[in-house]
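Note that chain A is present in both complexes that follow, paired respectively with chain B and with chain C.
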Partner chain A sequence: MRYLRDRIISLVVTLFLISAVTFFTVNVLPGDPAILILGTEGDPERLDSLRQELGLHQHALVRFTDWLRGLLSGNLGRSIRYSVEIGPLIRNALPVTLLLAVASVGLALLISIPIGIGCAVRQGSFLETVSLLLTQLGMALPSFWLGFLLIHLFALELGLLPPAGFSSGASLILPALALAIPRAAVLTRVVRSSMIDTLSQDYIRTARSKGLPQHLVLYKHALKNAAVSIASVAGVHLTQLLGGTIVIEQVFGLPGLGQLLLAAALQRDLPLVQGLVVISAALILMVNFGVDLVLLGLDPRLRYE
Partner chain B sequence: MRQGNMPLWIGVFFIAVVAIPTIISFFYTPFDPVVMEIDVRLQPPSSAHWFGTDQYGRDLFSRIMVGGQTSLTISALAVGTGMLIGGTLGAFSGYYGKRTDELLMRIAEAFHSFPSILLALLAVTILGPGQRTVLAAIAIANIPVFMKITRASFMQQSKFEYVLAAQALGASDWRIITRHILPNSVRVILVQASASFAGALLAEASLSYLGLGVQPPQPSWGRMLREVQSIGDMAPWTVIFPGIAIALIVLGFNLMADGMRIKGK
Partner chain C sequence: MHSTTMLKRFCVISLVLLVLVGGSNLAVANAETINIAVPTDPDSFDPTRSVAAATAEIAFNIYEGLVKSTPDGQVTGALASHWEIDPSLKIYTFYLREAYFHNGSRVTAADVVNALNRARDPEISQRAGNYQAIDSVSAQGDNQVIVELKEPYAPLLYELTELAAAVYPKESAGLANRPIGTGPYKLEEWRPNQYIKLTRFDQHWSEQQPFFADVYFRIMPDYNSAVVSLKTGSIDLIPRLEASLFHQVQGVPNLAVYAAPMNLVQLLAVNNARPALSDLRVRQAIAMAINRDQIIIGAAWGQAEKLYTGLSPAMPEFYNSNLEDLLPYEPARAQALLQEAGYANLELTMTLPSAYPLHVQTGEIIADQLRRVGINVKIEIVEWGTWLEKVYTQRDYDLSIIGLTGKLDPHTILSRYVSTNSRNFTNFNSPEFDRLISEGISVSGPERRSIYDQAQEIMTREVAGVFIMDPMQINVLNAQIKGWQSYPVYVIDVAALYK
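Entry: the complex of A and B
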């Protein structure tokens, strides 16, 4: 329980630090944010009204505490370019990104666990060599290029799935696959090496010598032990994806957080950038925390450290 | 084991296949990579245009050669900067330990958990898109990576007796760090550099694809893929060749990292 308390405190502190760094990077570092948004050629009157809107006459610290207070009460302010509240914008985009990230990691696990176990069981076999070569290839392919190929093959040639846009769950299959393949490559290697480690342990020999069938040894005894390292790597991938679906959202025209952030950054919509970065960071930290709890559940030994 | 070096040499070979044409492109390309010639647009690969031409009639082979300049230079500078800053911080952190160490590692952890693409977009917001922004974002993302790995190696090495012996002989900390420990840590740092280089190439390609990197007319692999996205079905070669260039060199650096790891054992 002490561990939990410490983790929650550090989560809150990190979140505060990230909010502060984001705010000062976007709002204080550039000098005059109004000029950053409208450009040095901006009409002086519009610059003045924008300064008024952003509350730039106040001290940076006052603006920061105001912004933080708003953040805590769920009020993220207004987007400059879209002239609407930021909260609903994020709320609409969030499910797309969240679903995509979870589906990608799920798919990656589905692909990598059987292949990784197969490699660990048949070390030195032809299957293992081919799989390891494929994992190298999978890690080298840029995900957006994979996305192009998948659209070409499954949407345009075979006509099985929608090529772009977001209309139903089927729209997420190809983007999730494009994100899952490089991750499945990494995870296959993790599954393989942690299974090799596990399979050489005494309790596996005991399980085998008492006549337990192979599939029970592998999937019940060994996988349970290997699950700790697999879950921690999968967790890292999940957190990376929460901020890292931007490129694939662009390829497939998905209206997720990434598209929103890309447009906001290019158009210098400072309040929206701030809001999106802080919300993404909060999401990532919470998922991190969740993954740690899962690890505690999977490995009782961790609870006594 | 002789077989142990296979990944290393295959990796070096793949890197050479992409890097040598890139180096040649500083002096010579078969066609001008930026001049548009509408009457030869969208030509499939032929003996004149090995990789075909794009929708503006530009020779893809020449553009891929020149595109490599951007991708390789930015990745090299970014990984180099990350290695220099992260390595230095990590070395001190690992050698001296204690409070500095704790503070530095906390900061590194916080940075590390923050996805680098978010960092890149923050950079784009205040600096605008361009080569410098991409360079800065990839370099900053690499600092904590090199910091962690150098620190771990220095912590491990500083417990060995040869360090104690050097201290007993009255060698200065600076001398011990640079002359005694560093040579023993170089290998892990270089393995990481090779792996980071592969990551940096992919990151640069992604950011250029999003239109955040090099601005036209200067070609880069990611940017080329952005420009041909809509014509990929009519002219698949415009999509296939830049992708293969990226994949081949990334594969090369990953294999080289693997090979060096095996050799180190």
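Entry: the complex of A and C
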């Protein structure tokens, strides 16, 4: 209970710090929203009254406390870029990024666990050499470039999947794959090394000498133990993806948080940037917390620390 | 084998889930649906607010003003079936046709008066500056609108074609994302970063209804994926494709490519107020150091027309085509001019907007060309917000590259370079030019043309900026779709398209 309380307090403090830092950083950036709205075609004479309308004439501190007050009453304010409430904007974009992140890490795990175990069991084999070479390649490939390759192969040449846009779940397969491959490469190495570690432990020898079949030894005893390090690395990837799918969303034209954040930042839509940063940060902190709980479940030793 | 089956089951379930979750939103392929790829969301559908060209090309289908533009840059009736101009050239009488708003109510003269009065109110409209020539707007009965001008003002009709002068119901709010216009299409749904869906408006006044019932403008920030989508058929039209992708669509059997001048004036902005650059010889040296052919091949893949003036050849009635030899590409003379002015080793900074690859690449080539005549150019690439503040608003720069969107009337384009204009970001200052521009609005015909010919000559000779090119607008369609019309302004005329 005490653990939970401490975690919640640190979550709130972190969120506050993150929003304060974002607010004041975006504030000192050159280029204000009123100038951006007018562009090269609007009347510069409108600048002052536009600033007034947007509330920019007020001191930054006043605007920040107003924003905080709104946040506490569950109101994220209105977007300058889209002239609509921010809540629904984020609600529409959130599932896309969330699904994409979860699907990518899921795919990465699906690819890396069998290969990693295979490598650990057959050390020095041809399979291991090939796999390690492929993981090297996988880690070196940037996701956006993989994205283009996948679009060309699966959408243009084979015509199996939609190239871009978000019309159905199938739209997420290619971007998820593009994000998953480099991560699968990293995870394969993690699975391999932690399995090698585990397989040399005494209790595995005991299990084997009891006459347990290989798959039970591997998947029940060894994998469960190796899962601690796999889960923590996968957790890190998940949190990275929640805040970092901007490029892939651009390439595939996905209406996720990344695209929204980019549009908001380019247009100096401060309320929207703030809303997005706070929501993403809260999400990341929650995922971290979730990963911690999973680790606690996996490794009883952690509970007493 | 127990755990491998578990694993397989997990695979299958996750894939099924992935497909199902997004499945709710499946786009229905329909013969009467057209999908158009656009790179960004509109800024606002409120005519008093919007300044983005990207909005205007979509809004053309939703809103109408008294008049609208035609593909050849002329003006034709929209809500006004016809109009009369008083011999004093100061009173315009517009006769409204029977037309309806998307909410079903009939368009009255009172709606038009309200919309035009808001359009010219500097407290309300972002573009009020364009309508300051108007003295009053009044209704006569339900079907006549009288616009009285302070002075004769030739650009009036052209400026009434702009989105800023669109007509909407007198009692309307929240137009920014719920526009109510009279155009052939009405807004059905706007999902930011995803699509804008328009549906056919059956009560439109035109005799011929548009072919397509549903129109999706799909937001696709990456042109590469848009091209693949066009090739696989999920997109039917990409307007204004980047020139660097031209070779990917050229000669593809099921695609049709329509290229036309964009009516965009790309210029090397030269800050006339900087000490070294206030010397005419230095500005002329810069102009003569620039090789446009090289730039057009290097930055625009050959897809552009050379410019020597602030107007594009897309406006044949006013474009001065005799300026090519005024300050030709002659690096030796450029060098001599710099010597003469005492700036043999000039150092300048060029500030470029990263949002526009065409301008950045142009800038890089120009910097190299300037170095060859002894001007050392430092390149500084900034993001759009910074560019607008530093270069455009504060005018704190030496050199920059930008594209200015074309309009239908030369005054709207050239008045920017008048010394007192708040948008004169190159700080050009020529009393003679100022005088010509103020004369140009009150005359018409050959007299007007000769005034703008002279004005263009001055801005080129005295280097308001170095005008580089008008890039081609490359519009690519699925070859089954016919009826594409390129406009000299930002317009996607969906109502003209058919299968």
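Methods note: the second predicted complex is superposed on the first by the 275 of 305 C-alpha atoms of A that agree within 3 Å, B and C clash if a C-alpha of one lies under 4 Å from a C-alpha of the other, contacts with A are read in each partner's own complex, and residues count from 1 in each chain.
The criterion applied here is as follows: a contact is a pair of C-beta atoms (placed from the backbone, for glycine too) under 8 Å apart; a residue touches a chain by one contact, two chains touch by 3 or more.
Everything quoted here is computed from the prediction, not taken from an experiment.
J.: When the two structures are overlaid on chain A, which partner does A:Q250 contact: first (chain B), second (chain C), both, or neither?
T.: Once the two structures are laid over each other on A, A:Q250 reaches both partners.
J.: Is A:I196 touching anything from chain B or chain C once the two structures are fitted on A? First, second, both or neither.
T.: Neither: A:I196 stays clear of chain B and chain C.
J.: Please indicate which partner A:L156 is in contact with in the superposed arrangement: first for chain B, second for chain C, both, or neither.
T.: After superposition on chain A, A:L156 lies in contact with both partners, chain B and chain C.
J.: I'd like to know which partner A:L141 touches here: chain B for first, chain C for second, both or neither.
T.: In the superposition, A:L141 contacts chain B only.
J.: Counting only touches as set out at the top, which of chain B and chain C does A:V294 meet: first, second, both, neither?
T.: It touches nothing on chain B or chain C.
J.: Give one of first, second, both or neither to describe whether A:R268 is in contact with chain B, with chain C, with both, or with none.
T.: both
J.: For A:L285, is the partner it touches chain B (first), chain C (second), both, or none of the two (neither)?
T.: So A:L285 only meets chain B here.
J.: Once chain A of both complexes is superposed, is A:L99 in touch with chain B (first), chain C (second), both, or neither?
T.: Only chain C is touched by A:L99; chain B is not.
J.: Between chain B and chain C, point out the one touching more chain A residues.
T.: Of chain B and chain C, more residues of chain A lie in contact with C.
J.: Touching A:L29, do we find chain B (first), chain C (second), both, or neither?
T.: So A:L29 meets both chain B and chain C here.
J.: Across the two complexes, find the residues of chain A that touch chain B and also touch chain C.
T.: 29-30, 36, 148, 152, 156, 250-251, 266, 268
J.: Quick check: in the complex, which residue numbers of chain A touch chain C?
T.: 29-32, 35-47, 49-50, 81-84, 89, 92-93, 95, 99, 103, 106, 110, 114, 148, 151-152, 155-156, 159, 162-173, 176, 215-216, 219-220, 250-253, 255-256, 259-260, 263, 266-268
J.: Can you check the complex and tell me which residues of chain C touch chain A?
T.: Against chain A, the touching part of chain C is residues 1-4, 7, 10-11, 14, 17-23, 25-27, 40-41, 43-44, 46, 49, 51-53, 122-123, 126-129, 176-177, 191-194, 218-222, 224-226, 228-229, 231-232, 234, 355, 383-390, 392-393, 402, 404-405, 422-423.
J.: Inside the complex, what are the residues of chain A that reach chain B?
T.: Touching chain B from chain A are residues 14, 17-18, 22, 25-26, 29-30, 36, 136-137, 139-145, 148-149, 152, 156, 239-240, 242-244, 246-247, 250-251, 261-262, 264-266, 268, 270, 273, 277, 280-281, 284-285, 288.
J.: Which bits of chain B are touching chain A when the two form their complex?
T.: Residues in contact with chain A: 110, 113-115, 117-118, 121-122, 124-126, 129, 198, 202, 205-206, 209-212, 222, 225, 229, 232-233, 236, 239, 243, 246-248, 250-251, 254-255, 258.
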